[in-house]
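Letters A, B, C and D mark the chains in the order given here, with residues in each chain numbered from 1 onward.
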Amino acid sequence: MRIGILGLGRMGANIARRLLRAGHQCVVFDRRPEAGAEPSRDGAEVAPTLAHMLAALQAPRIVWIMLPAGAVDAVLDELRPRLEPDDILIDGGNSYYQDTIRRAAALRAAGVHLVDAGTSGGIWGLEQGYCLMLGGETAVVRALEPIFRALAPGATTAAPGTQPALYASAELGYLHCGPSGAGHFVKMVHNGIEYGLMAAYAEGMNLLQHARAADPAAGGDTQAGALAGLLRADLDLGAIAELWRRGSVVRSWLLDLTARALARDPELSGYQGHVADSGEGRWTIKAGIDAGVPLPVLSAALYARFSSRGRASFADKLLSALRAEFGGHVEPKPGGEPR
Amino acid sequence: MRIGILGLGRMGANIARRLLRAGHQCVVFDRRPEAGAEPSRDGAEVAPTLAHMLAALQAPRIVWIMLPAGAVDAVLDELRPRLEPDDILIDGGNSYYQDTIRRAAALRAAGVHLVDAGTSGGIWGLEQGYCLMLGGETAVVRALEPIFRALAPGATTAAPGTQPALYASAELGYLHCGPSGAGHFVKMVHNGIEYGLMAAYAEGMNLLQHARAADPAAGGDTQAGALAGLLRADLDLGAIAELWRRGSVVRSWLLDLTARALARDPELSGYQGHVADSGEGRWTIKAGIDAGVPLPVLSAALYARFSSRGRASFADKLLSALRAEFGGHVEPKPGGEPR
Amino acid sequence: MRIGILGLGRMGANIARRLLRAGHQCVVFDRRPEAGAEPSRDGAEVAPTLAHMLAALQAPRIVWIMLPAGAVDAVLDELRPRLEPDDILIDGGNSYYQDTIRRAAALRAAGVHLVDAGTSGGIWGLEQGYCLMLGGETAVVRALEPIFRALAPGATTAAPGTQPALYASAELGYLHCGPSGAGHFVKMVHNGIEYGLMAAYAEGMNLLQHARAADPAAGGDTQAGALAGLLRADLDLGAIAELWRRGSVVRSWLLDLTARALARDPELSGYQGHVADSGEGRWTIKAGIDAGVPLPVLSAALYARFSSRGRASFADKLLSALRAEFGGHVEPKPGGEPR
Amino acid sequence: MRIGILGLGRMGANIARRLLRAGHQCVVFDRRPEAGAEPSRDGAEVAPTLAHMLAALQAPRIVWIMLPAGAVDAVLDELRPRLEPDDILIDGGNSYYQDTIRRAAALRAAGVHLVDAGTSGGIWGLEQGYCLMLGGETAVVRALEPIFRALAPGATTAAPGTQPALYASAELGYLHCGPSGAGHFVKMVHNGIEYGLMAAYAEGMNLLQHARAADPAAGGDTQAGALAGLLRADLDLGAIAELWRRGSVVRSWLLDLTARALARDPELSGYQGHVADSGEGRWTIKAGIDAGVPLPVLSAALYARFSSRGRASFADKLLSALRAEFGGHVEPKPGGEPR
């Protein structure tokens, strides 16, 4: 198929390249002209302007938008007057599902179809394929299947015990989840889960790290020192992560990446530990609150990121102030021992 | 009554003074000789050694021990050979209840009685009285009532709807909770609750603080800036705390102290926000786990203190490392905006 | 002053009565005619319709609206065409602050002033006074001070260490927090804190309850039985709550109510434990997420309420299913012992 | 090698069978004689008593103990007088690491070596191999490598970017983590992480489940109904789990099992949702507290299990009681809507 790709960041460029490798034709555009260089080497047609890109596509046109969530509305405003009935837009970014529902309704009034394609796989998707969570009209999603099939990882073994082809397309790596917004909703929950999984490994590894501290005094917490002194083990976190990849209950792709990161830098000294968060982690918690569904693990994972960026600081100061008020206590050294 | 006080830190010295003011006689001892100066001005007899203190008390002797939890066993080892049957020890510190149960059994073998007296009130207890949670043999606790009555805040109104004198002594501010260890157990849970209450105020005030940020950009989180921009309110946290003290559902003594701290230093700039924690907060969570009782709020409060001292740092670094591994993401600035 | 009161639920009726007792005149209206009976006995003029209520007020009219958050927009739609420039509406309910900002802007276009009055005090406010968190234009709030002064608890001692009259009106129990929405925002955070405080007491009391279980086997968790067996204390929760009200760090109004509830029904057998939550608890967490501020304690408190109503049930089933999948484990009895 | 296997539960029997298939000789014993039937079919020698098992092994004897944590001390008491210097015991169960450190020291005094072998893999280990976390003396662990190599999954690809054979044995699926106790400590943290991972999936799936509710009114929470009404998606949880197994960031073995469970029973109607917990989950949190390391996600996961068994019930009742005390609120129906 012939498809326009709008937005050539890490994800957009790789999606173009994976489509090209599968034999599709891509007309690509990005405000930063240099962004087209890489897709061009793989055979993409680089359009100098948005208008050129649209002109290079035959009606009904298919355009994959791969932009930060905050940039989508402006681009849609620019696109809308240039689109014709039956044109199809695919929003592959991490848009808020309620925005997607709203946008789809507005575009539908002009006969334009919006498909939301929640896309997971990160920088590995180019080689391994992308996991695609789709929302939109059934006929439109079906018409786009050659594209989704090219992007998805492709046939792998179904979960043991599953009937063959119970979930045909899901077993290839893409799924029509429901009407507009459903794809982005499922992707949002996916990312919420991702936060929880990452935090589970991070907490466990942090515990191992403090249990192994070579010098019990170094940890600053005398009880941590006592634990390490009892254990007397020079735990090798990289080896443990590598070990758990084999046969253990906690094996996963995120554990593969954990092992990889620790193998390269066992103390993770290249990182400050100021952890970013994206809209999807926040939206998941809000959706949980809307649904009256408790999400203690996913919230804790989000909050750890906030705290890592110093955003609990005023709360912490108030705790110290209260301890001074009622007990005359003075603050310990950072990392320091309990009193 | 005549009583020995062993340990003249902030709490011990004030307990001696409150007893003296109520007409009791105190023989006090502390390893730091200068610690006796203040109680001495209130009429305490200052003993130069432990042996002198014991000699200055008539049999059966009563000794109130007010020491850090970690120092109790050593002092008991020193005391035990010098004690006689029917002597009474009162442990007013924050000992671990399981230690108290063990120590009481060991002392009982020598005919010595141990009473645990969980003591709340902080530096305000001298004037306002102490809340006393007692464990030990009924006859012994009863014999000590004049002391407890002098230390406790004294008669105040029972909770509305309560029958008069339903809980006689509790309405004065002391209670025999059960056998040895029960006083320290109840004090432990009391402190666990205290952590939760403090954290609830701290979180709420932190939210108000970020909602008021004068310069929306200053907060570093663009969404926080948007919230502050929407609200356009120069919230006065000190005034709000003072306000809530009147008629609101959240009024409490800890709120009184919050108002006091904010009135003096609205930005709490005198604090780093490295919050200490004591054994009792930790033991409460462990007791919850032993009892199979979920304590999500009390745990979160304890963990915020750990994190405030930088002890989540390796976990945070692993999160950043994983984000780099799967998405090629780089870390934001501290406090910085979400991506 | 002369004021209309719209909505005579528990809160609205009591506000009318407290105003009447202070010498103000109230014209009250509620869709349920019988709701006017009680305020009428205190001297309120009961209007048969909304129109009658407005007609009974002289321009510029003052109307206090006391309705569930979900009912406000409909009533405003009904009121708007009947209002004149300089009329004042006071929304004393728990409206979402963003709704208040929006409504104030819309009313301002018609020259009508909206004041948000976050109101705390519950059913006790009639006697003890209400804590009022106000948002709106400065001149309007100032003009209404006689009303706020009548409703607030009135002068009480400022927090010790505070300069006299540092926060003049706050010390009486009302505060102009900022522009429209600021009152409801501060009330929202107040309620968020309330959730956290309540949960802290509830968790601590739950731990005491399981530690006291008379029959160690009854608890169903063998480790809880072991803890209770070690402690051998028949802890009296009502007495402990009453005790803590005297001199302890955790004393508060919510603790007063805890003591009251336990004095009446020590096993709380009159309750199922299905805990409702209101909009304000949910909105606080959402505001925290918007501000990038971690609220682990307040979230945990909200989630405990969701779970109490069975809304974690599918998550729990999946956990049991996963344990069966990897380990062949079967489910324990409810309350049952760990495996 | 020739090895005794003591304890033929699910795990012990399968370990014997996997060793037999690899050409090792096993003498097995279980108090329940019928437990030997299955290993016997694979060639195990079934001993009628513990003494017979020991007699059937040549010195120095190797005995793998596979028992519940609570049963180990009694069996060690029975074994100890029958053991000779240089005999080796392997504790493959989930013993508390502090017990292991204590036991190893006691056995060492008699010249007997204890190796702790934390074993992950569940009922799938027979076919897929076990992940083994080992603690003990280096020479002893090295001597047992043929056994560990037979049980482990065997060579698989190292994490991309890892140097070949950086962690030789870890890449086969077993690792000498440190002195006695280190294997059980690492296994404990492994299980703690497992709790967090499971809870992350469970929370996400629960959110999807409530978002899809066919009849918005059915959920009982009007806001959940509103969310489902907005989304209008008949989300297929089984298909989504199957989908995420392909190329997504959250793919893992636990997700494979989630897909499997949902494929068989999409509503998980075969489960009550009373989730058991084992010692290791509890010990992980205690170790975190000892180390002063925040574990908010892993704690939340443990507490969800406690709550699933009704152990928050008294706390919930107190919350309802407090709402009645201050606001006169009555309880909602279970699952019911917020007020």
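Definition applied: a residue touches a chain if its C-beta (ideal position, glycine included) is under 8 Å from a C-beta of that chain, and two chains touch if they have at least 3 such contacts.
Keep in mind the model is a prediction, meaning the values are calculated, not measured.
Superposition angle, chain A onto chain D, using Cα atoms only: 180 degrees, a multiple of 5 between 0 and 180. When you average the Cα atoms of each chain and compare centres, the chain farthest from chain C turns out to be D.
Per-chain Cα centroids separate chain B from chain C by 28 Å. A separation of 43 Å divides the Cα centre of chain C from that of chain D. Chain contacts: chain A has residues 122, 199, 201, 203, 206, 210, 221, 223, 249, 254, 257, 260, 277, 282, 290, 292-296, 300, 303-304, 307, 309, 311-312, 315, 326, 338 touching two or more partner chains. Within the complex formed with chain A, the residues of chain B that make contact are 10, 122-124, 198-199, 201-203, 205-206, 209-210, 220-221, 223, 254, 257-258, 260-261, 265, 268, 270-279, 282, 296, 300, 304-305, 307-329, 331-336, 338-339. Residues 97-98, 101, 120-122, 125, 128-131, 133, 135, 152-154, 156, 158-163, 166-167, 170-175, 177-179, 181-182, 185-186, 189-197, 199-201, 203-204, 206-208, 210-211, 219, 221, 223-224, 226-228, 230-236, 238-257, 259-260, 263-264, 284, 287-288, 290-298, 300-301, 303-304, 338 of chain B are the ones that touch chain C when the two sit in their complex.
Those residues of chain B that touch chain D in the shared complex are 249, 277, 282, 285-286, 289-290, 292-296, 299-300, 302-304, 306-307, 309, 311-312, 315, 326.
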